[in-house]
Amino acid sequence: MSNDLVLDINDLDVQYYTDAGIVYANNKINLELKAGERLGLVGESGSGKSTLALAILGMIKPPGGIAGGEILLNGRDITKLTEEETRQVRGREISMIPQGAMNSLNPVMRIKDQIIDSMIDHELGLSKAEMLEMAGDALQAVELDRKVGSMYPHELSGGMKQRACIAIAIAMKPKVIIADEPTSALDVVTQRQVMQTIRHIQEEMGAAVILIGHDMGLMAQFVDRLAVMYAGQMSEVAPKQEAFRSPMHPYTQMLIESLPKLATKGVFHGIPGITPLLRDLPPGCVFSPRCPQAFGPCRETTPRFLEHRPNQWVACHLYENESEKARA
Amino acid sequence: MRYSWSFVIKRFGLLLLIIWSGATLNFFIPKMTPRNPLREKLLQEASRSGYIPPGFEEMVQAYEAKFGLDRPLWQQYISYMNDMLHGDLGFSISNYPKTVWELILEGLPWTVGLLLSTTLVAFLLGSLLGAFMAWPKASNLFRYVLPSLLIFGAVPAYVIALTLIYFVAFRWKILPIGGGYGIGMFPGMNIGFIMDVLKHSLLPALALVLAGTGGWAIGMRGMLVTIQGEDYMTFGEAKGLKDWRLFYRYAVRNALLPQVTGLALALSFIVSGSVLVELVMGYPGIGTLLARSISQLDYFMIYGIVFVIITGIAITMFIMDLVYPFLDPRISYEG
Amino acid sequence: MERLQSNLRYLRRNTSLAIGLGILLVLILFTITGYMIIDPKLDPYPLAGPASSPPTLSYCPRSDPECEKTEPKAYIFGTDAQGRDLYGVAVAGTWMTVQIGLMAGLIGLGVGVFLGFTSAFYGGWYDLVVRWAVDVMLTVPGLLLLVVIASSLGEQKITVTGMGLIIASISWRGPARVIRSQVLSMREQSYVMMARLNGMSGMGIIFREMMPNLLPYLGASLVGAVTAAIFASMGLAALGLGPLREPTLGVTIYWVINQSAFLRGLWWWGAVPIGIVALIFVMLFLISIGLDEVANPRVRRAE
């Protein structure tokens, strides 16, 4: 794993302007992705993780927009690109594996045509035969027979469809792959197969993967680092071991706590309260209304997202004093 | 082979069923009124002009022998169906000794030509316009200006035709008022005649296209709005596809099947509309023939024309059914 | 009161429905005030006034030079070649045409809903027969069926009510099909299953669970049926099979065609019925688009 950052997100703000008010979908998001690493992005529904994925892909549509911050892809700020340049980046340098493969494939086109049509639109300068060859390679890489290329989506099973989507996503060997809950629509056995496929090609290609989801078990098996989002903000980013063994943010702690363990059978811990509406955020730390460790400053000022321990970044007042003390 | 024989046979069976139903309705509805159109006409002609075409009297007697009230109904029905199968639609009462079929054949090419061309144009134009109207990246001309022109689709075609006649033909004298070709023109395969026919067909065609396009556009627009929410559109965009490809190969292509299905369903309305336009413009097709037959109370013509139209529509729908699998690979007609 | 206010606010966003209903209001007012002004037994019929007079605010026959001072009559829509006062025709004709449309539309809706509902709900042989009937009936052009029926009635004069009934005999096709497919898809949905599990009776399920969800489709079907009925009535009239003695809009257009009104320069004779008919269809069209938006919120523009 090299140390250069393939993706560097700084203070990203994404907002939606609706009749009912401004929705702060992403607030001051800071995230780093190294080449070839596997990052897990977890959060409840409404935490803003899908919005973040769309923002990276440049697919935020009106009435939403990027209101501030930058997303650097190998040093280049992709939020400032033109429509056409953004389109070129999509599929080629950053690609996406969709959530519901059931409907993500165009029903009236053959699989191989759906793999090469984005190649054609990216003007790679290859002949049709070469592109078809690459498409066949992509299918093989996801452990599908090359013949699948001549089939239509409705002739494939759920797992095969998901793999076909993966083949499409990796055909041009992108540097970043965003997998938005790629296995939630599948049964457990297929889930495992698909995740293995993703891991396999990712290692071969050296691409970085952002795995979005809320299945902590899956995360534990797959990712190197874990990023936790809550109510549109990044609350914690830590290497896997530390995230599971010594989480810093109270939200992460409660998330890990709530995972059913064999030892405490029958006892379920949840997190009391509900996530706030993204257009009606509480003052100060967004988690403060539900946080059992909240104190004074929590309800007044938003905590900053800082590296309070080596490689562990948290936005929480509990540590602000410590670090300041440590610095002083 | 995209379909199995059993499917083709089933659809063909449906086709026959429709034709049979049409013929049966045609037989029974008039029977509900205890009248004898031929004898009436005979008496009418006799009292009016005293002139009865040769052979008419004999024909009336032959007809009464076959369909008279003295024969049991089911026997009449069998003779009727038998005639139908042989293509014998009877004689035209007002144009004796011409047969119904003869007269229909004279008008058929005109009607089919008009219908085919205007339906295709209206369908394709309307669908394309409707698609543009729903696409966010299309120019504002399509999204805001054109929708107001769709209002034309609400008004019946023959009303539009009347208005067009008044302004274009009468007031501004650009195009001829009616008819299929000018007086003094001889039908033939020469350029002069063809140009004349085209000139005369322009107004009816224009009325039909104006009236039809609106409906297709609205349908397509609705279809596209739904499709844009589909996952494959999002994924297509995430792949970095060019806008036109997303529009044509992903969106429009998937909207085609429902639209074509809609076309099959709308066939009967299209035919009705065209019949009236022909009438208004004196276009020498089946529509004018029908109107004349009604005013002359030429019952055999009326029933014959209705039957032929029903059959034509049923055949067209059958052909369209065979076309569907080529539009959408999901449709496989096995069994 | 609150309900009314929120409905009015909704109308502001749904322009088509608003304009459509606006036109409806205008037409209703036009008809009501019209009936107070004209003499419905006299004006819309031949010889009510001078023949072929263009729209004028003060008409005086040349035979009566004194009239200027005493009784000039206004024919704001002019008169036709047989002396009908076209304003009277407009008022009476609009109402008659709408009558036909409503009668056929309502009967058609009623029969169609009943058939569609029951056949989808109970299935089996009954469903097969109904489905076959509707499919065949929909393939056959309605106008032609009506032509066969109407012409078979022969010399009997067709009245306005008669027209309505004749058209009603086919106007149930569309609603039957739409309602049937809707009920079919609703039947399998969870809330119906829940109601069944809870032991609700068949009728109970129909009225309390399904009806409310069907309302938008019922509304759209009604508008559609009325539109089709008016279409059909005008088509029949244009072919000469309408109530020829009555001044319905369709029959008026028939006379316009038949008497070559345009070729004689009597443009106002055609303009009056065509204008009103166009208005009616545009109104129905806008209302149906508006109802579409109510039923399918995805079509609403997200602004």
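By written order: A, B and C. Residues from 1 in each chain.
Following the convention adopted for this analysis, a residue touches a chain if its C-beta (ideal position, glycine included) is under 8 Å from a C-beta of that chain, and two chains touch if they have at least 3 such contacts.
None of the values given here were measured: they were computed from a predicted structure.
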item: Chain whose mean Cα position lies farthest from subunit B; value: A
item: Which of B-C and A-B has more C-beta pairs touching across its chains; value: B-C
item: Centroid distance [mean C-alpha coordinates] between subunit B and subunit A, Å; value: 56
item: Distance between chain centroids, defined by C-alpha means - subunit B, subunit C (Å); value: 23
item: For the subunit B and subunit C complex, residues of the former touching the latter; value: 17-18, 21-22, 25-26, 29-30, 32-33, 35, 151, 153-156, 158-159, 162-163, 165-166, 170, 177, 218, 222, 225-226, 229, 265, 267-269, 271-272, 275-276, 279-280, 290-291, 294-295, 297, 299, 302-303, 306, 309-310, 313-314, 317
item: Of all residues in subunit B, those that touch subunit A in their complex; value: 230-232, 234-242, 245, 249-250, 253-254, 327-330
item: Footprint of subunit B on subunit A - complex, ascending; value: 57, 59, 87-92, 95-96, 98, 100, 102-109, 117-118, 121-122, 152, 154, 165, 168-169
item: Sites on subunit C touched by subunit B in the complex; value: 132, 136, 138-145, 147-149, 151-154, 231, 234-235, 238-241, 253, 256-257, 262-263, 267, 270, 274, 277-278, 281-282, 284-285, 289, 292, 296, 298-299
